[in-house]
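As written, the chain order gives the labels A, B, C and D, with residue 1 at the start of each chain.
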Amino acid sequence: MNHRFRVPARVLATLTLIVVLVSIPVAGQAPSTASRTNGTAAKPYTPSRTPDGQPDLQGFWTNSTYTPLERPKDVTKEYYTPEEAAAAIKLVAERENEQTEPGTTADVHYDFSQFGLDRSQSTFTQSLRTSLIVDPPEGRIPSMTAEGEKRVADRAAARKALGGQYDSVQNMPIGSRCIVMAGAGPPMMNAGYNANYQIVQAAGYVMILTEMIHDVRIIPLDGRPQPPPGVRQWTGVSRGRWEGQTLVVETTNFNGKNPFRGASENMRVTERFTRTAEDTILYKFTIDDPSTWAKPWSAEMPMARTQGPIFEFACHETNYGIANILAGARADEKRAAEAAAKTGSK
Amino acid sequence: MRNRLVTLTTVTVIAAAGVLLTTTAGTAQAPAYRAPRAADGKPNLNGIWQALNTANWDIEAHAAGPSVVRELGASAAVPAGLGVVEGGEIPYRPEALAKKKENYTNRLKLDPEIKCYLPGVPRSTYMPFPFQIIQSQQHIMMVHEFAGAVRTIYMENHVEAPADSWMGWSNGRWEGETLVVDTKGFNDLSWFDRAGNHHSEALHVIERFTARSPETLMYEVTIEDPKVFTRPWKMSMPLYRRVERNAQIMEFRCVEFVEDLIYGHLRKQPSK
Amino acid sequence: MRTKLALVVAGIGVLLASAPVWAHHAFAAEFDVNKPLKLRGTLLKWEMVNPHSWFHLDVKDQDGKVVTWLIEGGSPNQLIRMGVTKNTVPIGTELVIEGYHAKDGTNKAVGRNFVLADGKRLFLGGSAPGGGGDKK
Amino acid sequence: MKTMMRTFAIALTILTVASLRVDGQSHAWTPPRTPDGQPDLQGTWTNATITPLERPAELAGKPFFTEAEAAEYEKTVAERNNMDRRDGSPDADVARAYNDFWWDRGTKIVKTRRTSMIVDPPDGRIPPLTSEAQRKVAERAEYRRVHAADGPETRPLAERCVLWPTAGPPMLPSAYNNNYQIVQAPGYVMILVEMIHDARIIPTDGRPHLPSNVRQWLGDSRGRWEGNTLVVETTNFTDKTNFRGSGDTLRLTERFTRTDPGTLMYEFTVEDEASFVRPWKAEIPMVKAEGPLFEYACHEGNYGMENVLAGARAEEKRAKP
């Protein structure tokens, strides 16, 4: 038995510890609160202020989670019991540390656990929620409009028309190309690993550094208008404001090249960041895109305080994998052509 | 009609003369100036800043020159500049000077900027793109429009760079009116400019940011790299605030602009 | 896959459908599943870079000639949070690497498993300071 | 050397004063001042004249015309320059290019009635080139002959719209548009040369010259006031303008003095030991002219370049057997 087929005992031990430590909202509590379940009545948390008087969201945070965006089809309840949640996490975490069968495609990969990249080895957040989506109440993305369906089909057709996935770099996924991570958002969906954020505030601005591909969002709070509709960006253009303790950020002007769940470029994302505990920010977002979904839908997830640092995630600069993949595809083609020629000549 | 012509010509001429009047030598010592304070009492350097010089083409003094790509004609030609290096010349070791010349000759192939690579330090500061300072007590962020390059200046918990990187590992401190940033942990892949001025992974950069008026900062840099230079040397320049009301760091995700250049030869049908 | 994975906890089994750890790019497109290999060599350089780190390994071939291999690993960022630095794995460290050869036939491979000369796995099992999680 | 230059300068001043007296002007005239106190040189000026740079051989030993001689000379030159005539060979006719209406060489000699712009050496001729400079001139001439229309870069600078001979420095008259507009501001004098919209911006704050590796077509000018005279020193030339055989070692000193409401005396000294066996000097009284200077965009409409090159290619094609 190869040692690599063992789940590292240390990981499991750590995992157990984390499950105990991570705050878990009580099922049945108002969904917007994320108070602790340590048995005592939770006091409403008032965040400290930055020197210029903003509620202080600063620090390193993660939204790494095992909770899926959409509720699993066979789950009907909104919340698990704490025991069910812990069991579910343990099961998935074990699977993540599970080793692959040698000689299979899945095995052609470095070992995430060896690089600390499986979720159990870093801080992750959890709630008892069975899905991140809280509205509609069934916890799933509403069905698409006909226009939305058509757009999704058109995009797929356009991709297909470009040829094979490895015919050229432009045919490859934008994340692999280091342009932007598919989940960079907004909304900020949890990356598979390095799902970390650094928030820094200065008078008039909130900055959020996303670890993956060093994406920075600089959100002005001065009430300035959105740029004209002709100015569009991969991550849109964000404008923020404070509503009490909550940072509300509205983002429009997407370029539509990294569509979130099939959305159009005219999607409007409203995000709400509320510090609900010393080590928790409750992150909620609402997607409003009538041409894709008849009515807006919303999700929420806690962000947990984590430790830094966020080391530079230069991506494009040493993205050797891209060249290797393309070279590999060309080598495959050459081999296939030679084999065909050989067969033909017989 | 004739009068109007006279007026127009005169206006043009005076404007031409006026331009020079305002561009007095940038490296003059900043006069004593006390910056407005941020809420924590430190000099407030928050804002969107940009260099207004030709250091990104060549940090040393240089005359105008043609574009390295014929098709781009005047649009990519090199504007002349008097340089930002104090004392005029960079004190290269002989073999390092030879490498600089080689870099220059082969700049179309070698300049990391062309490939949309993170620009390194201090080049990120004087690229012809704005950058924004977001200043908190623990961290001062410098977010650059070019390639979305970002620096975290650690104002507390100073540690050594865990690994080498493009933008280095920056520890900062306040010295009176001045933000002093000490950066090490660079790789040897970034350049100082398009002229091929270079460094090794032993690079140590000390930057000093000092407000010199409400809308300008003085930016002074000391470069140390004993593998490449015979002694430490300095550059300095003013940085200007982008005062437009709608000034904003926009996306300049240049990767997709260079993919065909870098990977085009690996296309199924190679691009010409 | 082990049969254990077939175990379904009532009402939560579908959680398994949640996204697996995200892969930056398709490794099976870069490396050949039909060309597993095992390399023993000394570390020449570890590029602690993103999106994936690369180990440069000097390997003696059959004729005793030293050939440098480039081995792809994972993002170093979480390891750095755990306390790993460029000094953690010294140059010259002997490594045994199991992996798969690059499709284009050059001396590149994915490092499916990195093992130290003493048989310990790299980074896990306490080989890295603070290894085993970024919890304080 | 310096002493020699000073002697020259004094001699020149005397000559200038003497010549102005010939013209009947008062030398006691004091120019007005700009609001910030500089002698006011502002306005539009022309240096159009038929006085040649070098004294023609037939006028050897004669630095000045008499009034009658001047009139006769002007008449002769007017006839020679008449572009409306159609006599002579077809080549000569084509070379005249267009009617007299378009030309503006001036019809008068300079008001000092000098027979050459050059005042030193006394023979009014450019001193001999050094042997090194002669070699370079010959090389360049041979290159131009062999590669006359190989490509745009082998055509003359003016034809390429890179630089007109009137821009200098030194600023010398050419066939037309010999106009200059001077505007002054504190610390600067700007001279807009009509051809080809070259603006010389001359700082007068005593700053040093550019580093020697930085070279410009017009060189690098630094000005200072000596009494009522603007003295401009220019260095950092390229090796591509070659004024009368000069090289990148050229050091040019210009002196601008308003001598009466209608006259701006322009003097220049050429020093380039590598190219000339001795320094030399010239002067041109510039005359107040009427503006405005209309935009002289050159390169933008330079269809001629394409025609010249296309013509050369067509000739080559025809020449092939």
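Basically, a contact is a pair of C-beta atoms (placed from the backbone, for glycine too) under 8 Å apart; a residue touches a chain by one contact, two chains touch by 3 or more.
Because the structure is predicted, anything quoted here is derived from the model rather than measured.
Participant: Name whichever of B-C and A-C has more C-beta pairs touching across its two chains.
Facilitator: A-C
Participant: Need the central chain here, defined by C-alpha centroid distance to the all-chain C-alpha centroid.
Facilitator: Central chain: B.
Participant: Any idea how many Å lie between the Cα centroids of subunit A and subunit C?
Facilitator: That gives a centre separation of 24 Å.
Participant: If you average the Cα atoms of subunit A and of subunit D to get two centres, how far apart are those centres in Å?
Facilitator: Chain centroid spacing, subunit A to subunit D, equals 71 Å.
Participant: Any idea how many Å lie between the Cα centroids of subunit B and subunit C?
Facilitator: The answer is 37 Å.
Participant: Centroid of subunit C to centroid of subunit D, CA atoms only: how many Å?
Facilitator: Distance between chain centres: 74 Å.
Participant: Going by the touch rule set out above, which residues of subunit A reach two or more other chains?
Facilitator: Counting only residues that touch two or more other chains, subunit A contributes 178, 309-312, 314, 317, 322, 327, 329-330.
Participant: Find every residue in subunit C that makes contact with two or more other chains and list them.
Facilitator: 76, 80
Participant: Mind pulling the residue numbers of subunit D that touch at least two other chains?
Facilitator: In subunit D, nothing touches at least two other chains.
Participant: Each pair of chains that touch: what are they?
Facilitator: Contact pairs between chains: A-B, A-C, B-C, B-D.
Participant: Using the touch definition up top, name the residues of subunit A that touch subunit B in the complex.
Facilitator: So the residues of subunit A touching subunit B come out as 50-53, 58, 163-164, 167-170, 177-180, 198, 200-205, 207, 209, 213-216, 218, 220, 224, 227, 231, 233-235, 237, 309-312, 314, 316-317, 322-323, 326-327, 329-330, 333.
Participant: Where on subunit B does subunit D make contact in their complex?
Facilitator: Subunit B residues touching subunit D: 2, 5-6, 8-10, 13-14, 16-18, 20-21, 25, 61-64, 80, 82-83, 88.
Participant: Of all residues in subunit A, which touch subunit C in the complex?
Facilitator: Within the complex, subunit A touches subunit C at residues 3-4, 8, 10-11, 14, 17-18, 21, 66-68, 72-75, 80, 84, 87-88, 91-92, 94-96, 98, 101-105, 107-123, 165-166, 172-173, 175-176, 178, 191-194, 211, 306-315, 317-322, 324-325, 327-332.
Participant: Over in the complex, which subunit D residues touch subunit B? Could you list them?
Facilitator: It comes out as residues 181, 183-188, 190, 192, 199, 201, 203, 207, 210-211, 213-216, 291-294.
Participant: Could you list, by residue number, the parts of subunit B that touch subunit A in their complex?
Facilitator: Touch residues, subunit B against subunit A: 38-40, 44, 46, 112, 115-118, 132-139, 141, 143, 147-150, 152, 154, 162-163, 165-167, 189, 245-246, 248-251, 253, 255-256, 259-260, 262-264, 266-268, 271.
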